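Next come two complexes, and both contain chain A; in the first it sits with chain B, in the second with chain C.
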Partner chain A sequence: MSLTGPLAAPGAGTGRSGRVGLMLRGMGRTAGPVLAVVAALFVIWYAAAVWMNSQWTLDQAARADRTVTFSEIVADTLNQDRPKLPAPHQVAVELYDTVLDKPVTSRRSLVFHAWITLSATLTGFAIGTVLGMLLAVGIVHNRAMDMSVMPWAIASQTIPILAIAPMIIVVLNSVGVQGLLPKAIISAYLSFFPVVVGMVSGLRSPETQQLDLMKTYSASDGQVFWKLRLPASMPYLFASLKVAIAASLVGAIVGELPTGAVRGLGARLLSGSYYGQTVQIWSALLMAAACAAAMVGIVGLIQRVVLRRMGMER
Partner chain B sequence: MTEARDLNSGAQPVVIEAKGLDLTFRTNDGPVQALSNVDLDIRKGDFVSFIGPSGCGKTTFLRVVAALEAPTGGTVTVNGMTPDEARRARAYGYVFQAAGLYPWRTIGRNVKLPLEIMGYAREEQDRRMKDVLQLVDLEGFEKKYPWQLSGGMQQRASIARALAFDADILLMDEPFGALDEIVRDHLNEQLLSLWNRTGKTIGFVTHSIPEAVYLSTRIVVMSPRPGRITDIIESPLPRERPLDIRDTAAFIEVAHRVREGLRAGHDDTV
Partner chain C sequence: MRAGAAPLGLSPGWLGAFAGVAVAAVVDWRLGAVLAVWIGAWAANAVLSGLSFPGRRLVVPAIFGVTLLVLWQMTVRLYDVPGVILPAPTDIAARIAVSGDILWGDFVQTFVKGALTGYVMGCGAAVAVAILIDRSPFLQRGLLPVGNFVAALPIIGTAPILVMWFGFDWQSKAAVVVVMVFFLVLVNTVAGLADTGAMQRDLMRTYAASYWQTLWKLRLPAAMPMIFNGLKIATTLALIGAIVAEFFGSPIRGMGFRISTAVGQLALDMVWAEIAVAAVAGSAFYGAVAAIQRAVTFWHPSMRR
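The block that comes next holds the complex of A and B.
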């Protein structure tokens, strides 16, 4: 016998205060490594820019029949008009010009293009999420769907999206659907899958004992769904929504490529590659990455708020 | 001595009656006989403990009574009905090994879960929730989430949940198995006083001899392969049982008999 009072009971003594402190300390500890990684990436990027663009510099010098010093090479490779790999500061200048310096309604504004793509992304994400959740509910409650839907869902994701995107666009165009919707459908095509997978595991996550408990109350299937399966699936749903929204963005960008669209981030990528505008390509890529990060961040924020209100996150 | 015995053996009606109960599970390793020819009567107001090594069918018996498993032979009735009918008539509350509170519901809403499902009116839900939380000494905790409570408090909340819809029978499957001994003693004491106040019939699975002897009016000793009853011990202890009753000669004698029964069942099979 020792001095184990009620405090020794499992879960006693867990509180909020310690966790907040831990989190703050954790952030302080991760900031250093994160900055170090970013710095390393910049160093590698600059070195790669010098190396990859030097051939052009040397060719130009040879044509002009003069020799160049290393510092001249460096200075030239980081400021070419159409570098193979633009230097970070070139991309930064382009981003500044196209994001902050242009009116957002202008075709030359990256914000304008990003919004075109984002509207298709969000529409597709909404369609994909609803579709994914409905399929998951069907799979969990209907044996025939359980056996038949999942293999098709998996098969759908093995087809390269680049192959199927033009067909979706052409088919929809022939029935008169153009603009945002075809892109959104390609987005939905990519984003429903993680939602189905996550939601099915979530709806099946309640343990036997929790289901037995419902049985002892003679609960109906509907009651088991609303009071047990659905709330239990929320953490799973949010985890897959984060994957799904990033996939949606990829879908919307890919959807802009085959049409030769003139608006949207995909269009910027495409026209950049037509005209060798690598700086434009890279700034569109960074814009896309920033959009993805922001959307995943927002989903994460909603996740925290919802789960905290449900009492599932401390 | 006499009062408890009179209560159990006398005029009280039988609420759970098992006759020649058999249950064989089909597994990949062939059939496993979880229950073999089990005969048992449980009378109203009894506190019956089931004790035995794992695989002896004590939990299975409780699950058959609760209609969570279907027997392959024999009959069982609960309040004169089949287990299925009895379940629909809300004859029993079931307490599982783990508290199993839903983490997204507060303690109050966890207790109200069966009431919501059974369609009680909102004011009635509130009233009953407050009542049963008081019964298990958890008043004032209804707004807390399960993770904010200790393991013992969580298990008390799960007992409150089983009591909320006022079933006459409480089936408890090793409810305190995961708790440390001090918390367990405390809960045993509370459970006894709750039983005394409410007059419920309790079926209680455990593998702790002191727990079984301390709580029960009858102790059913079971042994495995095949799961069967080897001894049924009527407890001579009075209904009122302070914790230190465990140091009395009568208590030690009953515990001894349980241990003997367990050993005999064990020797049979090894």
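The block that comes next holds the complex of A and C.
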């Protein structure tokens, strides 16, 4: 893959670029600055909440025909029922209520909804990864397959394939397939293409010298694959797996939108937007963000362990 | 199987494939016909990819794509697949021909007003912010991990919030696009601006170049490959953001609106028509940015032929 070639899943709706990720790994001592930036974000969030919700407060006061002081405005804007922008502590309270304070089997528990979405995400991710790796192996070992399929796999990253999601859900619904599987299929095809592209670059990454050495050992195609190409592809595979799992989550969430599903994080976003429950939207959004971060983190952890065991850690 | 290495018909793999088609044709002639077309086209590609002639890098994938369309058409027609499950490519083409003005209206609403506006604003803001924080290593060390983290999140989830803030029309779609592309382009620009060697910067100092001269003549040009890397990924994100945001509410036009309502009416030919338009628009957008990149970073090793 050339230096400027994107290694990301833009067709899937996340913007993680592999090269920036590599760059970040080299940067140490970031805890202080990151904390400062996060703190600044919270300050901005609070200020924006006061500013955006103040209109409602002023309207209410005007209706009741009384004037409000600035401190009253601040107090009110941070504690409205349906604020335009909920304050961080309101979202935190909602998260506490729906994550820790409800039984996980209840429909009001966010853990329950997150699990619905995560199960589809992980199923689809597993399917997409396995199929993607198989296709990559085929592409590397078969010239006709390489020339026929590879251009389409790359081109597919430039088109918004996420737009097909509603149709897949509804069509599968009409032939009687419901629940987890349609969402998993969307997740699978979103994770499929980044894995194919990354794995092909990985399997092609051994240098001519290394391949020649295998040849002097008179290694068979299978031996070259198992002993050289597959191990060499691991760093590339993991880079695309991180992209793919984030894409899978986006797919599962968007897959919950079109049928008006009542379960899952996407359903929480949708019902929140129907009923103007902004706090619910924000808590679902943060939960989705936490899930994405956790899954990318877990893949990263596995990556570190595997690469260290293989002696490839950079 | 080493396609192309052995002459056709002699290798056991191909013999097996032909035998399979024959058996399938006896069991179900429609399956046999579909498989025969598939094997035939594949054999053609196997031969062609073994030869070397100018343009084969275009011909082979084109044959593969056309074959998929033909197989799709055959399967739908031979097995009488109902149009509410999978319309045939000809049905979709007919739909595109008939409702050209609807598709054009949706394209203008979603792509030109929503995606393109948001893309320009988001990318412009990201590059501007990256240059603003360029002189503060503290802010960079803080913003780069945060931005990279945010870029990996399902930002599309902010769509319902932004639709609530900015209304149903294209402004909210542009806002979603701004949020989706901003962090991606920001981290790529910051990383790109750091992409010069100490030797190069030292050379600029020996010329007594000022900060702005160094930025303008060395560091921005050197950052261009990475900036364009982000800009290219952002093209597709922009289109996705604009389409998916319409699922949360839109005026009665737009590609996302048309997809979600046509799916509800089981008018799948319309859905596929919109998807075709989205695919063409997405590739063209990406291609346009890639062409600009080629013009701007003509000096970069990856652009050499």
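Here is the rule we use: the second predicted complex is superposed on the first by the 276 of 314 C-alpha atoms of A that agree within 3 Å, B and C clash if a C-alpha of one lies under 4 Å from a C-alpha of the other, contacts with A are read in each partner's own complex, and residues count from 1 in each chain.
Assume contacts are C-beta pairs under 8 Å (C-beta built on N, C-alpha and C of every residue); 3 or more make two chains touch, one makes a residue touch a chain.
Everything quoted here is computed from the prediction, not taken from an experiment.
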| item | value |
| --- | --- |
| Which of chain B and chain C A:114 touches, first, second, both or neither | neither |
| Touching partner for A:270 - first (chain B), second (chain C), both, neither | second |
| Contacts of A:231 with chain B and chain C, given as first, second, both or neither | first |
| Dominant contact partner of chain A by residue count, chain C or chain B | C |
| Which of chain B and chain C A:223 touches, first, second, both or neither | first |
| Partner chain in contact with A:174 - chain B first, chain C second, else both or neither | second |
| Partner chain in contact with A:153 - chain B first, chain C second, else both or neither | neither |
| Which of chain B and chain C A:95 touches, first, second, both or neither | neither |
| Partner chain in contact with A:196 - chain B first, chain C second, else both or neither | neither |
| Touching both chain B and chain C, residues of chain A | 4-6, 8, 10-12, 14 |
| Parts of chain A lying in touch with chain B, wherever the complex brings them together | 4-6, 8-12, 14, 207, 209-210, 212-219, 223, 227-228, 231-232, 234, 310-312, 314 |
| Complex contacts: residues of chain C adjacent to chain A | 1-4, 42, 45-46, 48-50, 56-57, 60-61, 63-65, 84-86, 138-146, 148-149, 151-161, 163-165, 180-181, 183-184, 187-188, 191, 194, 225-226, 228-230, 232-237, 239-241, 243-244, 247-249, 255-256, 259-260, 263-264, 266, 268, 271-272, 274-275, 278-279, 282-283, 285-287, 293, 297, 300-302 |
| Chain B residues within the chain A interface of the complex | 66-68, 87-88, 90, 92-94, 96-98, 100, 102-106, 113-114, 116-118, 145, 147-154, 178-180, 182-183 |
| Of chain A, residues touching chain C in the complex | 2-6, 8, 10-17, 19-21, 23-24, 27, 29-30, 32-38, 41, 52, 84, 142-152, 155, 157-160, 162-164, 166-167, 170-171, 174-175, 242, 246, 249-250, 253-254, 257-258, 265, 269-270, 272-273, 276, 278, 281-282, 284-285, 288-289, 292-293, 296 |
